[in-house]
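Next, two complexes with subunit A in common: one pairs it with subunit B, the other with subunit C.
After this line comes the complex of A and B, so read on.
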């Protein structure tokens, strides 16, 4: 370990003395101070706090990720370019120790900078929402909506696989499936039809959800019901009146909430503890009560209606978010060190930025991986260009999706500003995917190839 | 036959060593070494000579595991040169001082000491002795980037000695050094050789090699062209030289006359000259006695204690003794 620490120490010294560390710190502090002056939010105290958390932490993550990739790519490749490596590898240091030392050094720099950035953001948040600056009402709203850590509970969903299969078979027998439409695409379309039908609430009709909440909830632990929907009158920007009720299966009397809300955005209201049965099984019903401008309402997807229950403090949630950001940086550091061990600095940086960009285009990559590059969804003749090129493109995007999917999914900044809990399970998943599997594979590949590399060519 | 292959305790064994450099498409580009075979025995000081591009540096890089041989067998201290264990007993001085500019002299030596897993106290003691030996004790907290080429070279020598190595590989060890530095390096090599260390050095300066080496290997175009002990290779068997105190003109005339009668012709007579290096060293030594050096390199304090100590007396290295303490 002494050798690894020696190499890590050297990486830290290099960062500090080459002023990389100082410039990054200046950049971070400037961004943290300047951003709140530019960003205004939606005018509410809660909105302002959410914007502050989201954008400040996002900019910290972006700056540190870019810097990590740059420094990591250079950590070994510049050693080779400047021939410092000649003295390093002629000492009793294995390539694994060299790789680990460089990686560990970058992690230490990241830990320091992330602590400074995160600490400043948290301090700024407390400062901007301190007593005397905001009204008691605003502070209460903040405590209710932002400075919380709520665990989301999702309703049970019905599987449409069997009915979609049966329908597809029936349609095929009747010859109602277009000739050039693959069965897989027809199946997906049919399944999607059933899902939309299940999630649609026509005017005057009712939809019900079943939630299983913890049984040991405290007597004062109210929960939040958060929902988002789309409407058949969405383009007209009209609100839709609805009636929400919650309680036992056949007794929804304990709670009623009537509300006219606009489609598109997220809405929420509090469901009192008294409405939640002791066994934790909560039934929620929505009645489409719009009479003036009747419209069909669609609650699409599993997360369209969620119950949020308090689960720990905001400060701990903030710390967990920092930890996940650190794990993401550890992955990018490993990627950079590996790329720098095998390639020259410019090529290593190019490759690493390519992987980094995958995390930003996760949705697009997932969609191409699923449908292919040239899918034309509304083509009048259902033309399916299943060319060789499309197959190649789809396979390529599937491979990219393997990397981009966890990177896009394991992003703590999607949850923290909304007051959603970043659970230990989420952290464990981040460690498993980003640190153990991806960073581990990157390390194995990097050390393996670096071992075989002639560093004095 | 393998050159130098008669000893029982080989430190380096190279048999049919070949190195071919290839281009991006793996097509052969240059054959830097071609079936080179030699052995270096424990305690030998061997010089690797040759013109530019002869393959000296390639051979050294192969010995250190920086390059991998295309063909042939290579063993250093009984192991593959890429084995980490064998590197614990090697000291390497590269052709140029590839040191970290932002580290101070002390930090540099401490860093390399840590790579050998040396304890804090041993490192501290050795760093002090080495800095004194190379005359840079006063500059221990200056960054290497501020050093002259010669000063950086001295730090390079010190880092190669931090582990008290059994085998030293020195690539152009006197490059960039002033004549005093060159003399000190040569003295150091001789001291280390006395302690039973094995030294392989490559140099363009033939006089340096002649001064310190027991044996030389001359490479040309990737092949061994000549090899053997310095004495055997350089001795002129067709002539001999007499050296005597200065004679009066009459006595000299008589001596020459006798010799002319005995050998048939008159031998050449001249006065022996000091070489320039020796003269320079004497001048600087006198100057140092008058005024202390304020910048650059101090007067060397001789070879570092742990390097100069005779191992035969105790059979232990300084490292062993310090651990026992």
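After this line comes the complex of A and C, so read on.
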């Protein structure tokens, strides 16, 4: 272990001596100070705080990620190029210890810089939202919307797998499925039909959701109900009147909320604590009450109706966000050290930046993976409308999506500014994917190949 | 390392210093030569049509840098930002949209459609997602600011953007489609009242500091406002129609002598709005903002329409003019401007010799007041006459005496027109109650329904009227 620490110390000393550490610190502090001066919020105090949290932490993450990749790639490859590695490999130090030492050294630098950046951002946030700067009303809104950590609860969903399978079989027996339509595609279409039917609320009808909330909620802990829907009158941009009720299974009287909302965006309202049963099982009903312009309303997907309940403090949430950012940096450091152990500096940087870009273009990759490069509308006579290029591209993007989706999904900055909880489960998932699987695979590959590499040439 | 020279040796670092100086001088000379040729190169590019758009002239360094340095990549970055904006909007995370819209538009500063889309998206699509009045208004303002403060600044020669901005004032604030339109109208009136100290501007007495603030914060140029007021006014600048007119006027002006069809159409529509509801009554005792017609601008509206008809071969202009004249007659009559209403009726007949328009002025007023040419029942006629008296009391309570008289006259005209065609037997069977009786009923209803301060004022006026009657 001492050997690893010694190499880590050496890596830190090299970084400090090469002024990387100092310059990064100056860059970080400058970014944190300058960024709030050029950022535009939505005009509200809460919006300003959200933009500040998101962009300040995002710029810190970007600077540190780029620097980490650069330093990590150079930590081994430049030592090999300059033949400084001879001094190390001739000592009783294994390649694994060398790899771990370099990686650990970079992690220490990252931990220090991330602490400085995170601390400054948090301080700036408190400074900008202090008493006297904002009105009491704005501060109350901030405390309610931004400086919170709310855990989302989703309703139980019904599986449509068996009914979709049964329907497909029945249709195939009757010969109602076109010959050139693959069974998988037909199955997906049938399943989607049942899902939409389940989630649609026709005019004058009712849909119910069941939520299991914590049983030990405090007496004043109201919850937020957030919902999104689409409507058959979406193109006409008409609002749809609806009546929400919440309470026990057969007693939804405790809470009623009537509201005409527009389809396409997210809406929310507060459900008082009094409406939540002590056993935590909350039933929510929506009645489509639109009479003037009747429209079918669709609550599509598991997250279409969500309950958000307070779960811890913002400061702890902030700390957890920092921890996930650190885990992400640890993965990029491992990637850089591995690439630097196998390749020359420019090639290693190029490869690492390619993986980095995968995490940045997650949305695009996911969209091409699901629809292909070109959108080809479905035509009944051409059941499988596709092109060769599109198939190849889609397959390639599907592979990339497997790698990039955890990187894109495990981003704490998508939740923190909106006051959503970064749970320990999220951290555990980050550790599992980014640290154990991704960084672990990278380490195994890096150390394995590094062991076979002739460095004394 | 040493090197022989005429007097001895020059150290390596001295030689490096000399070469550095030489390089710097060379670079400076190249830079000077490049800037000397820059103007000519730009001219040549324009002559040979090597650029699709003229370079930005008024862009701040950051925008100039991004548009030049990023080259073709800025389209890619704009796409990525746009995808993020769409996703966030879909998820209901609106706080970043202003920043993202700002960056996207700055990356494509000459792309008019991008500015127009983002402003429209914020003012219309995002604003309706909020229940709270204040939050909705904030998003409408965000949309306005994007176009007004940046879009038009970078594309000052594009009339389309002026039209888009004018549309937000006309439709989103001035229109009635949004359920919060009354709040928007109140906020604009309040903002302008605070800025101008009222609705009308005395340009000769305008404080230079205020003029500066108008230009800086609201992009309202007093010189142009004066031109507009002289040509179309006087306008109440607290009304949304004045602002839509201002931006449409500016758009038409930058389009050149031929004008711009959409801006000119917006000018006419804004003038109709100004005529029908371009005067603001702010009740100091309450939050109520009442929009009333600004009938003094009628000749200006007619002139604007006649100019547009002469300028554009577009059928919508003469059709719109006829539609406006039809409504204007009733509005004028309701303001007790009977003579002007009669002249407008004559103008309408003169401009539409082919169309079937009621030739009798009194009959025209009656038909168009009750909105039907068919015979109406006694109940409907009673309802209409009593309603017109009721409106008369409303305007009386607000201190708008001429308008009150107009509605009073309208009620009496309709009463007479209805009773005129009836024989004594029919009057016995289905005649209306005497006009005085209907008026008293309307007064009683108004006293009961108007809240304070209107009912208090009406009570005082009623007492005064009774005293005058006794005298």
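Methods note: the second predicted complex is superposed on the first by the 416 of 457 C-alpha atoms of A that agree within 3 Å, B and C clash if a C-alpha of one lies under 4 Å from a C-alpha of the other, contacts with A are read in each partner's own complex, and residues count from 1 in each chain.
Convention: a contact is a pair of C-beta atoms (placed from the backbone, for glycine too) under 8 Å apart; a residue touches a chain by one contact, two chains touch by 3 or more.
Note that the structure is predicted; figures quoted are calculated from it, not measured.
In this superposed model built on subunit A, subunit B and subunit C occupy separate space and fit side by side.
By the touch criterion defined above, A:226 reaches subunit C but does not reach subunit B. Residue contacts after overlaying the shared chain place A:210 against neither subunit B nor subunit C.
Looking at the shared chain after the overlay, A:417 reaches subunit C, while subunit B stays out of its contact range. Contacts of A:364 after superposition: subunit C is touched, whereas subunit B is not reached.
Of the two partner chains placed by the overlay, neither subunit B nor subunit C lies in contact with A:258. For the combined arrangement built by superposing the two complexes, subunit A sits at the apex of an angle of 130 degrees to subunit B and subunit C, based on C-alpha centres and given in steps of 10. Shared-chain residue A:249: touches no atom of subunit B or subunit C.
After superposing the two complexes on chain A, the shortest C-alpha to C-alpha distance between subunit B and subunit C comes to 12 Å. Contacts from subunit A toward subunit C in the complex involve residues 39-44, 46-47, 50-51, 54-55, 226, 228, 237, 239, 259, 261-262, 264-268, 361, 363-364, 367, 417-418.
Those residues of subunit C whose C-beta lies close enough to touch subunit A in the complex are 80, 83-84, 87, 89-99, 102, 124-126, 128-129, 131, 135, 138-139, 141-142, 179. Subunit A contributes residues 2-3, 5-7, 9-10, 13-14, 17-18, 82-94, 454-457 to its touches with subunit B in the complex. Residues of subunit B that touch subunit A in their complex: 21, 61, 64-68, 84-85, 87-88, 90, 92, 94, 96, 98-100, 102-103, 107, 111-112, 114-117, 159.
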